[in-house]
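Sharing a structure here in structure tokens format.
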Amino acid sequence: MKLRPLADRVIVKRIESETKTASGIVIPDNAAEKPDQGEVLAVGPGKLDDNGKRIELSIKVGDRVLFGKYSGQTVKVDGDELLVMKEDDLFAVVEK
Amino acid sequence: MKLRPLADRVIVKRIESETKTASGIVIPDNAAEKPDQGEVLAVGPGKLDDNGKRIELSIKVGDRVLFGKYSGQTVKVDGDELLVMKEDDLFAVVEK
Amino acid sequence: MKLRPLADRVIVKRIESETKTASGIVIPDNAAEKPDQGEVLAVGPGKLDDNGKRIELSIKVGDRVLFGKYSGQTVKVDGDELLVMKEDDLFAVVEK
Amino acid sequence: MKLRPLADRVIVKRIESETKTASGIVIPDNAAEKPDQGEVLAVGPGKLDDNGKRIELSIKVGDRVLFGKYSGQTVKVDGDELLVMKEDDLFAVVEK
Amino acid sequence: MKLRPLADRVIVKRIESETKTASGIVIPDNAAEKPDQGEVLAVGPGKLDDNGKRIELSIKVGDRVLFGKYSGQTVKVDGDELLVMKEDDLFAVVEK
Amino acid sequence: MKLRPLADRVIVKRIESETKTASGIVIPDNAAEKPDQGEVLAVGPGKLDDNGKRIELSIKVGDRVLFGKYSGQTVKVDGDELLVMKEDDLFAVVEK
Amino acid sequence: MKLRPLADRVIVKRIESETKTASGIVIPDNAAEKPDQGEVLAVGPGKLDDNGKRIELSIKVGDRVLFGKYSGQTVKVDGDELLVMKEDDLFAVVEK
């Protein structure tokens, strides 16, 4: 199933951060510890400006993005939990 | 009964997702599991822009769309429960 | 008494839906069952756009319209309970 | 005392509706029964548009108007209880 | 101490209404009885419009104005309790 | 430490009003008595208008200003408690 | 890990203020005492204006900035707690 986002929306798959101690015990994240990062799976064509021209998004598929803990709305597609956000909900692109 | 939506509204019929185990037992959806998808039954002509020109919708009748769990308002027409949404409430078009 | 709505307002008379069983027993509506439809009794001349031009309404007197359960404000005129709504509160025109 | 409303404001004197039974007993209004109508006593010169031009009001002194039960703010001038509203709070002109 | 209001602000001194019975007993106002009127002590130069031009106020020092019971913010200057309001908070000019 | 405010912000140092009785006893202010006045320590360059031009502030460093009791946000810089406000939060300039 | 902020966002690292008594005892900040200052680590390219042109930010990487106690959203990146803010959340640049 393929998603084609509308306007300035993006579909993001959250990258779960995992905390492991030296001895390999996985510590579950608490909210304060979880950086909200994800990979962009699909981007919309952009909103229309006042002259009817599309304002293209400044991010692209594959970008790793940083966003707010409570940003976006969760949808479940083909068993995957995805986030739908507007471009303006994204804080930054994480460069490797 | 035929509906002609006004402005940037769309009429959507929700596609109920059904969860069946391997042995065929139907598990009722809980909110977290229900992807909100529907089929577009009718689309409005679009809102007027500042120059009085219609901004046509970017979706069309028959599109399968993804939207928020609490988006839209429910109306009952000829026994069918339909959703009335603004185009901006739609997240994405689901392509098969 | 005749009403001349101002700006983008419309006056609507709700069409009460009635549910009758096969044997003719009338079942009172509950909120979930009541499609909010009405007949347009009067329409305003439209709002002014930024250039001082009227934006005519896209509905007309006699149209059967669909709207939200909680849309509009109720007024009582000559014993009739009418709804006053802005055009934007209307969802769709119901075509017969 | 004469009032000169500012911008798009109007001064309205509510017309109390009175319910009298056939035998002449006056029944006090309850909220559901009271159509909110009034007579326009004064109108402002209109708001300024973006080009600094006044947008004249579409109602005039003497018009009988229909408005929401909770519209406007009450002021007491010379012992009279008057309503101050913006033109946009008025629903319709009642024609006789 | 002299006040020079900024933008579209006005400084108003409330005119206390006093209710005296025929026999001269002063009855303290209750909220429902107190018309909020005041005298304009100072007016600002007006807000800037989109082209950077001042939009002059339509009221002037000395005007007697009518406003909402809860309009404006109270400041105490040289022992006097004054009201600071935006022009848009004023309802009407009271002409004598 | 010097502060350079951004956009239409101003830095204000509150002038504490002090109430002293004839016999020299200092009476602490209560909220109702405290006129909120301050001295402007720094002003921003102004916001950008729609054409990208700075809209200069109409107040200047050294001005004594009047503002709302709850306006602005408090910051502590080098031990001094200062207020950060937008120009629009200022009511008037107090002229001596 | 490098962050490239979007639109008018900035990434700020809070400079913890430390209060030490003469004898060297560190007193933990309480909210009233903590001036919220930080160093700008990254700035976005600016928002688009109505003509599609970027409005460059007026602050730059390395600036020491003053902001509200509750401004911004906290993210944790590579173990560092950073603040993501819009330029408009910044009050002033602190010059040394």
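All chains are identified by letter, namely A, B, C, D, E, F and G, in their written order; residue positions are counted from 1 within each chain.
Please note the rule applied: contacts are C-beta pairs under 8 Å (C-beta built on N, C-alpha and C of every residue); 3 or more make two chains touch, one makes a residue touch a chain.
The chain lineup, named per UniProt: A, B, C, D, E, F, G = Co-chaperonin GroES.
Remember, it's a predicted structure, so these values are computed and weren't measured experimentally.
*Asks:* Distance from the CA centroid of chain B to that of chain E, rounded to the nearest Å?
*Replies:* 52
*Asks:* Roughly how far is chain D from chain E, centre to centre by C-alpha average, rounded to an integer in Å?
*Replies:* Roughly 23 Å separates the two chain centres.
*Asks:* Give the residues of chain E touching no fewer than two other chains, as numbers and ranges.
*Replies:* Expected reply: 50.
*Asks:* Please classify the inter-chain touch graph. Allowed labels: line, ring, star, complete, other.
*Replies:* If you draw each chain as a dot and join those that touch, you get a single closed ring.
*Asks:* By the touch definition, the chains form a closed loop. What is the full order round it when you set off from chain F toward chain G?
*Replies:* If we begin at chain F and move toward chain G, the chains come in the order F, G, A, B, C, D, E.
*Asks:* Across the complex, what residues on chain F touch chain G?
*Replies:* Going through chain F, the ones touching chain G are 1-7, 9, 11, 42, 44-45, 48, 50, 52, 73, 75-77, 84.
*Asks:* Enumerate the contact residues on chain G facing chain F in the complex.
*Replies:* So the residues of chain G touching chain F come out as 32-36, 49-50, 53, 55, 58-59, 66, 68-69, 87-88, 90-96.
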